[in-house]
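For clarity, chains are labelled A, B, C and D in written order, and residue numbers in each chain start from 1.
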């Protein structure tokens, strides 16, 4: 006689006939029965709480300007309009475990130096006179520039201009580091870490074809600054050289020159070019992505729904959602994006699938 | 004239004078203002939702026995009494992102073969006749044995005995893999993957002083089975050799022989011996830990509160909680535990601190 | 008109008509012309200087005994009968860059503690009372035991017995480290590094199924000692579990438990079982191998020539030589061997090819 | 009674009184006694056979021109004037295991495509119209350009000019790969691997601030070409940014962008700037170095002996030789060099020491 089979339940099957009082009695001991897991609680494929969403810069920018009036430098540690995923308004993330928000700096404003266990990637949207300093390197930043502030390094920001706001997009892994119970935050006791004269040297040392003759295995990217002009040219050169992905057009990654890997251990950043008339193939993968439209116009199709975007807009693609890109216009379009791929690859959890197989 | 400083706010400071309608208008666009982050939302040190907790085996075992009656093999994919952290009854985890539960198998029962992206570590509490099969290796398991079921490998379980329950503790990283939107679950189409004759060979191949002459860099441990007798002897030998930690007594790690690293990419497992009369020093670290009392009695002190335990009990220490161990009795005590250290180390987020510095 | 082709020369072709005085005039400037490289100097496949060779223990042992008489402890740093490859008597190596020799210790003898950049692997051939100490761990060693002395760690040896020689086979990468101009050798100023009481603990800490809870990424194996009984049993268990290679019978590797890799960065060690009646398939690979017959009798066929061996004999297989093993008898035969595979794999130079493709 | 000490012999001590016939009888069995190792055979510090040497371009260039006349393309696989270290004229290497030679290509000449297990780094000395193709990427090369031809990739070279020689310096690890018995050499059956249209794209894809969005962990550098202008500018930028080494002036490394490591697994390449009036501090390290003077004039002091050099000259520093650099002039001087550091670091054999400690 063969042994009975347990666990053949399939979705839709009726669950066990549990005594009425069982769950209540058990909860008293901080426990719960789990026997229909493969039906409901246990998803058969990824089931993220985040949903696709698009935030228009034209709609959010006025709030950033307004907040710059009533949020005084003396009263707050930062001043950010944070993108909230509609799928989880209680969980402060744009999608998955990616934080995204619009940071505003007023003329002659300067933020207190601080550091934290989370990592940040900043993409500048507008303004001249902005600067950011990381580990002593004080870098001027303008539209399209990307700046990395690695985990645990002191950093601070400012706006040197006489007038005009500086607005950039703050991208961090705060939601991840917080949920893992591993975040630390510290303000610099002197308010600034730029004592002894700021340098502006890491781009010169780490941004060329040769690297310094020192040990370079640091997990943290020794290169903090990726100027727009150089990155945009790298993208154009790759396009001319025939680099192309069926799913993403011409796509290149911001890279830690010391390792050839992602700029932070958990979050990667990319820049992609959609040629005039391009329609990419659809695919899906584990790992969430936040896109910032850097140039032109286009449309993203997520799980069958089209979302049109233009420069400055932000949108997100949740983990395991089908998505494809289109540039129906006659001008080139460029998307900056940051993603959870490094996190998933380090944990052996990255998976992808093209449509139409 | 020096620029104004932004961000000098300290905890307890009053926030900015935000217009009354601002938050409502902004939420309409799926966004929220963040300017008091360093005061409330942004923790200065890890602030996990999980709290310390202890589950007594004597209290939960009757529920496991009762559920074995009303949960039929035909009706459910599994039959587990799940430990729920009192700090977050909505989030099915014992602590942090660690799942823990008591799985029961009745005589002559057998579970459908399945596989998933999450990894599992099982610690057997009682019963003879239990077996688990992973990737074709069918291993008999008894009290104290540990079995690894790595991500994506087929596995199945059963109880060959004519009478008597088999009860083991299921430890998985399901909460992490689910929240990352990266879980996949699949039942084997034939119900079993043990076609063509099961082997029982990985312990012989990977559990000795020599390893097979093949590439061994697999992220997944090629060794699935860690028999209690061998592990307990390794712990005793280390004790005799003078191995000792001020915080943990004699503590040794279940190890992937192919890498010298943890048995799964996210969750590690350890076995520790508290000598009669031992009182360890207190420390704290990022990363949650679930302990299962394997032998004897003792007391854990978590954030100043004592919790007495005896064999079979389960307790948890949340990330960044102070904790120390004591064995006030005259017999040796042994704790099995599994932890999030591999996860945190891979992401560069592990930190620790001894008390009294 | 198509450009002329340079470099079409094939082996056997006549070389260029070089002016008679050219080479002499050029050599005056410490230079030489290279234009027939692909014909003669440049080999098309590996062309090692080493040739296959077999050294009988019965023939060399009397010399080891004789040398023990006339080489006094006060007069020499060591006392070794060194295997010399017949292909290069000027280059002190058994094959390739592997040093091999028979070291003898007389009763109550003790060697001065020393250390060097080269790594050593010792296989004990005979004698009771031998011991070796590495980095403070003083290990008794008997026939069949393997001891690792990693690069740069202090070590010393002795024979505690009242009578009877201890003879072991010293295997080192001295020829490699010397030719790379990277060797350092140092005698301990006190003659012994075993001050403060020797331990005998690394086998207990690193030789079981669990490893100590400390960082374990050391390039040097923290486990120094591989006792014969445990290794022979691991080999037998693997045989029972069905482990088998067409080229080598049942073959297992001595492994650094901290990494799952080879016991030294350049030289690996293996133990293999040839069942009664076994005839393996032939193959070749880059990397030299020295074999020491540990048990029984057999025959190795190297580039078509048979070499019969019995316990205690040593033989070598040069890089890229075809070789297969046979055990025509009715008893099991066991070979210990050490090889250059880790060196070649680290440099991306490992290649292999089975016969009969 | 304490045991006798063996091995206390120090350099200069008289060796054991060996019977007259012993060595002869033993050599008959292909073995040799080793008991004075720490005196003579066993060096106490690295004892490379190579000696310091300098080759003047003005002296060797005429031979390269002369050879271009009598070595016909049809008769030879290559046409190189090879630098021979005076310390070992039988071993075809400039120093240690580094091959170096001057390769000449005549107008409209083209070499047969080939590949080998060894890796090569080329530094162009003179000529316009030269090109090199690696794995389908056909790159124009001019003075100062560096080209990598990684292990096992097809490559070929040519000179498209109507007149004028192209001369470059070939740097390879042939001596190492040959001595390890691991070299393979193959001519392309079609004579060229540039079928289907050559590309010139890897610099565009891998030479900018962003990298392609594909797996990049290849041991072989995906970037083959390092143009002089870009490298010289990177050096100048690093100098302006304050990068400086007491031993080497401003020194930067040619880097595999996929890993942040050296351009080949065994041989690294660097470019260094000696400011006018610079005198560096002396140091020594394991690993040989070959220098090619790329710009200006200077003096290297090796083990106390001065060697003056000017642009085009080649000189070598053997492993563990003391050396310092000086630029006594008023113009900047630049040295290209390639070294064995990656080889030594992979094997755990790198060591260095500053003078005057």
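Assorted remarks:
Everything below uses one rule, namely that contacts are C-beta pairs under 8 Å (C-beta built on N, C-alpha and C of every residue); 3 or more make two chains touch, one makes a residue touch a chain.
Note that this is a predicted model, so its numbers are computed, not measured.
When the partners of subunit A are compared with those of subunit B, no chain appears in both lists. Here the spacing of subunit B and subunit D, counted between their Cα centres, is 51 Å.
With each centre defined as the average position of its C-alpha atoms, the distance from subunit C to subunit D rounds to 29 Å. For this pair, subunit A with subunit D, the centres built from the Cα atoms lie 43 Å apart. Among the residues of subunit B, none is found touching two or more other chains. The touch graph of these protein chains is a ring, one cycle where each chain has exactly two neighbours.
Shown are all chain pairs that touch, namely A-B, A-D, B-C, C-D.
By the touch rule above, subunit B contacts subunit C in their complex via residues 199-202, 204-205, 207-213, 216-217, 226-227, 230-231, 233-235, 237-238, 240-243, 245, 248, 251-261, 270-271.
The part of subunit C that touches subunit D in the complex is made up of residues 3-10, 13-19, 22, 25-27, 29-39, 41-48, 50, 53, 55-56, 59-60, 63, 66-67, 70-86, 89, 92, 96-97, 101, 105, 108-112, 114, 117, 151, 158, 174, 176-187, 191, 219, 265-266, 286-288, 318-320, 340, 343-344, 346-351.
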